[in-house]
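In the two complexes below, chain A is the common chain; its partner is chain B in one and chain C in the other.
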Partner chain A sequence: MNRTGRIFLAALAGAAVLLFPVVTTTPYYIHTVLMVFLFATMGLGWNLIGGYGAQLSLGHSTFFAIGAYSAVLLMVNYEISPLVGGIVGMVLACGAAVVIGLPCFRLRGPYFCLATIAAGEIARILFLHFQEFTGGANGVPLPFHGDDILTLQFSSKAPYYYLALGLLVAVFVLVRWMEKAKIGRYLAAIREDQDAAESLGVRTDRVKLIAYVLSAAITAAAGVLYAFTVGYIDPDGVASLNLSIEIAVVVIVGGIGTLWGPVLGATVVVLLTELTNMYLGSLRSGASLVLYGLLLIVVVVARPKGLISLFDRAPAASLPKQVGTRVHVA
Partner chain B sequence: MDSTIILQTTLNGLMIGGVYALVAVGLTLIFGVMKIVNFAQGEFVMLGMYVSWALATFVGIGPYPGLLIVAVIMFVGGWLTFKLLIIRIIGKSDEAFILLTLGLSIFLQNITLLAFGADYLTVTTTVKDAAIRFGGLAISLPRLIAFGVALVMVAALTLFLNRTDTGRAMRATAESREVATLLGIDPVSCFAVAFGVGTVMAGIAGVLLTPMFYVYPGVGTLFNTTAFIVVVLGGMGSLTGALVGGLLIGIVEALGGTFVSLDLSQLFAFLIFLAVLFVRPSGLFGRSA
Partner chain C sequence: MSTLLKVTNLKKSFQGVHALKDVSLDLAEGEILGLIGPNGSGKSTFVNTIAGTFRPDGGRALLQDVDVTGLPTPAMARHGVARTFQSSRPFLGMTVLENVTVAALLHTDRPAEAEAAARECIALTGLADCVDVTSANLPVERRRRLDLCRALALKPKVLMLDECLAGLNPREMDEGLDLVRLINRTGVSVIFIEHVMKAVVALCHRVVVLNQGELLAEGSPQAVMRDEKVIRAYLGGSSKLCSTSKRSAPATAT
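Our next item is the complex of A and B:
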């Protein structure tokens, strides 16, 4: 496809995304696309550490939960606007990322992954345990006080849709910039060979921590928006291992360590699960997750570089066994 | 505090710890030989429970008499899983194995949900409510049987690894894949046996659990995380470590759940897990890398 054709297609896609809530009035459809945006955002954030840095984290729901709980509790208990509470949540998530990251980054491979699972589960247990504060397993409902941008409450789904879209675009631009910046190159070096990077003077622990903290902040921001869109949060919904897994799966299905991978992955995974729920959900629960599990298996076995690799212009000639021995600069 | 309660709680923890150990032994065997973490181990426990339930419900063979049948079915299942899926990603990154087995775990859990529904199923056995009493303490018979069989299985596996040619070949592969290949050992067939045997251990644990646990599609997740904790605590790849780790975690969970708070019982296990990872990643019985 030539350049004009691509620009035309991009403009068409952009217009479709912008006009979608105007064309359809079914809240369910708007909500579904909104969830695509949120998962794409979280995927982009996760990719910073999980993809570019190759540190497989399965504990990101903790940051999502910290963002969601901070904003909701500050609003419900102290009437502090989620615009402020959201920032508080993001800062707290960054703090948690430092506390979790500092010890965990000394671990490698499966050990790092298992440690993030343990940290995430500890956070979930604590959210469940401190009931006076978090409402425990019952969760926290968000009473509706009428449309107001300061309280992030709207009777229609459309404003949330545009907020989520805005967040996605902002994070996308940030990650695109980071890919080309110094930190992106350091992360790529760590992914290829951590010891070599270290010997070349890259302070690997610090680089990984920066990427992890940023990715936590992005995940927390998505958590804030999710909480106010849905109007209810509970530990099993926002702090679960399943959510952590889903964030990672979105990126893996789309294409790990690529810019468009998380966006494509979120689109495929969320639409697939929602569509199966819609058409087969009445049959029996579980159908959508069967497909989701199968998709993950098929991608790992047959398309380890994700679905995005289907769009590669030049099919990579037989790759060496260790994928990518060169350092990606751009 | 009443010392009888402490003793009784410790005893309960010890008994369930035997089952944890059995699940963990399978996991640690797969890790030791193949150097991969199997995230679907808990789902193999769940499948063992369903096969056991199906045998009891449709054929009329109870869990204990059906133990061998379940073991054979599970071995074939594990071996097929290896031949169909796992073999395709040998030589790839740790992450690929984690993600593949994670996908397998999600798939197995939900295909079971699709097939049998979310209902909690039970198997009734004659020993279900039986208990042995002595000196004010009581041990429920299913727990005691589970504990005993778990110990026997771990001992049998140790014998198998030390005394048979296949076992020795597996240990050589665990030591060094390259050297084993030079010695004429086919590492891939060792992997297949390790994965199959690991699956059998999980399946037998499932059978032993059926008389005392509800059977439902999500039951495996309870054992997935616990098995990881046990394996890391004992030292990845160490059978003795998995056994001791399993018993320890069983006791810690029981004591924590009784004397601190039930909803925090898992917290202690996770904290121990992290402490071991940070302080001594090779675990209690592993050799430091």
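Our next item is the complex of A and C:
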């Protein structure tokens, strides 16, 4: 496809995304696409550490929950606008990332992954335990006070849709910049060979921590928006291992360590979940999950680099002829 | 010539095995120092201990009178001590340019500047024809060059080369020696570990011999080669000294 063709398609896709809530009035459809945006955002954030830095985290729901709970509790208990509470939540999530990251980044590979699962479970149990403050397993409902941008409350889904789209675009631009920046290069070096990276002066612990903290802040922002979209949060909904896994799955299905992978992955995974729920949900409980699981297995086996690799274009440059054909004498 | 790196009484043991026992040596500015010794004599342990991979159990390392003993690896690189690994370790998924750019980012925060510096190093090390080749597709000889190129992009004061010619054929080895000389002439002092004595004699200004973690001999390459102690340390006597190492010998020769 030539350049004009691609620009035309991109404009068409952009217009479709922008006009979607105007065209359809079914809140369920708008909500589904909104969830695609939120998962794409979280996937982009997760990818910073899980993809570019190859440190598999399965504890990201903790940051989602910290963002959600901070904004909701500050609003319900102290009438602080979620615009402020959301920032508090992001800062707290950054703090949590430092606390979790400092000890856990001493571990490598599967041990790091297990440590993040443990940290995530500890966080979930803490949310359940301090029930005077968090409402425990009952969760926190968000009373509706009428449309107001300052309280992030709207009677229609469309404003949330545009907020989520805005967040996604902002995060996308940030990640695209980081990919090419110094930190992106360093993360890629860490992914390839941590010891070799250190020999080149890369302070791997520090680089990983910065990526992890940024990743936590992005996830927390998504958590804030989710909480106000849904109007209710509880530990099993926002702090679960399931959510952590789903964030990682979105990226793995789409294409780990790529810019468009999380966006594509979120689209496929969220729509697939909704479709299987819609058509198989009544069949037998769990039937939709089985199909969902099978499809994931197929994707991972057939396309280990994610669905984004279906769109790979130019093959990588190869060696100049005389080098490639040289007979090597060991 | 003034002393650049001064190592005194360096000690390192692994679960009771004394890999390094009180090794002291000086590296002069602009020097190429050969570090030789039989397998297991502690050469790589020396490099790893100075480079920060291992923490020394005792002793000191001074770089231009600054104490750098036991600093972690990235800090050593920042102080100007670069190293290559015994087995070549390029970032396989990256192109040659991307590999070298990671190293060049030590001196700038701007990727564009780092890329420009990386291109200079790439041209100098003769890799210009494979700038955009993914390093997984490079043959051994190119990977060895890439190791050197990456280290060079760090603009080090001291470069420790741990068998950087391993796996090369004689002609490639000669080109490799020329490259090390070239790097040395840009003002980098070199610690050169190698089994192939011909290469050591051709390249090094001075040679230090390690045996079982101890300093066995020191002097000019020719003098060290004639040293009775050194010949005895290498089992098999003088004839073996002049042949190539096991690794680079053809697999059929048994």
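Quick note on the criterion: the second predicted complex is superposed on the first by the 313 of 330 C-alpha atoms of A that agree within 3 Å, B and C clash if a C-alpha of one lies under 4 Å from a C-alpha of the other, contacts with A are read in each partner's own complex, and residues count from 1 in each chain.
Just so we're on the same page, a contact is a pair of C-beta atoms (placed from the backbone, for glycine too) under 8 Å apart; a residue touches a chain by one contact, two chains touch by 3 or more.
Worth saying up front: this structure is predicted, and the values here are computed from it rather than measured.
Q: Output check: A:Glu121 vs chain B and chain C. Expected answer is one of first, second, both, neither. What do you get?
A: first
Q: Tell me which partner A:Leu56 touches in the superposition: chain B (first), chain C (second), both or neither.
A: first
Q: Once the shared chain is lined up, is A:Leu150 touching chain B (first), chain C (second), both, or neither of them?
A: neither
Q: Mind working out whether A:Leu200 is in touch with chain B, chain C, both or neither, as first, second, both or neither?
A: In the superposition, A:Leu200 contacts chain C only.
Q: According to the stated criteria, A:Met278 is in contact with first (chain B), second (chain C), both, or neither; which is it?
A: neither
Q: Please work out whether A:Tyr186 is in contact with chain B alone, chain C alone, both, or neither, and reply first, second, both or neither.
A: second
Q: Looking at A:Leu289 after the superposition, I want to know if it touches chain B, chain C, both of them or none. Which is it: first, second, both, neither?
A: Touch partner of A:Leu289: chain B, not chain C.
Q: Of the two partners chain B and chain C, indicate the one touching more residues belonging to chain A.
A: Larger number of chain A residues touched: B.
Q: Is A:Ala15 in contact with chain B, with chain C, with both, or with neither (first, second, both, neither)?
A: Once the two structures are laid over each other on A, A:Ala15 reaches no partner at all.
Q: Quick check: in the complex, which residue numbers of chain C touch chain A?
A: 51-53, 72-74, 77-78, 82-83, 85, 89-95, 98, 101-103, 105-106, 109-111, 114, 129-130, 132-134, 137-142, 150, 154, 167, 169, 248, 250-251
Q: Flag every residue of chain A that touches chain C in the complex, lowest number first.
A: Going through chain A, the ones touching chain C are 180-182, 185-186, 188-189, 191-193, 195-204, 316-320, 323-324, 326, 328-330.
Q: Contact residues on chain B for chain A in the complex?
A: 36-37, 85, 88-89, 91-92, 94-96, 98-100, 102-114, 117-118, 217, 225, 228-229, 232, 261, 263-264, 266-267, 270-271, 273-274, 277-278, 281
Q: Which part of chain A faces chain B closely enough to touch in the complex?
A: 54, 56, 103, 106-107, 109-111, 113-115, 117-119, 121-122, 125-126, 128-129, 245, 248-249, 252, 284-287, 289-290, 292-297, 300-301, 304, 321
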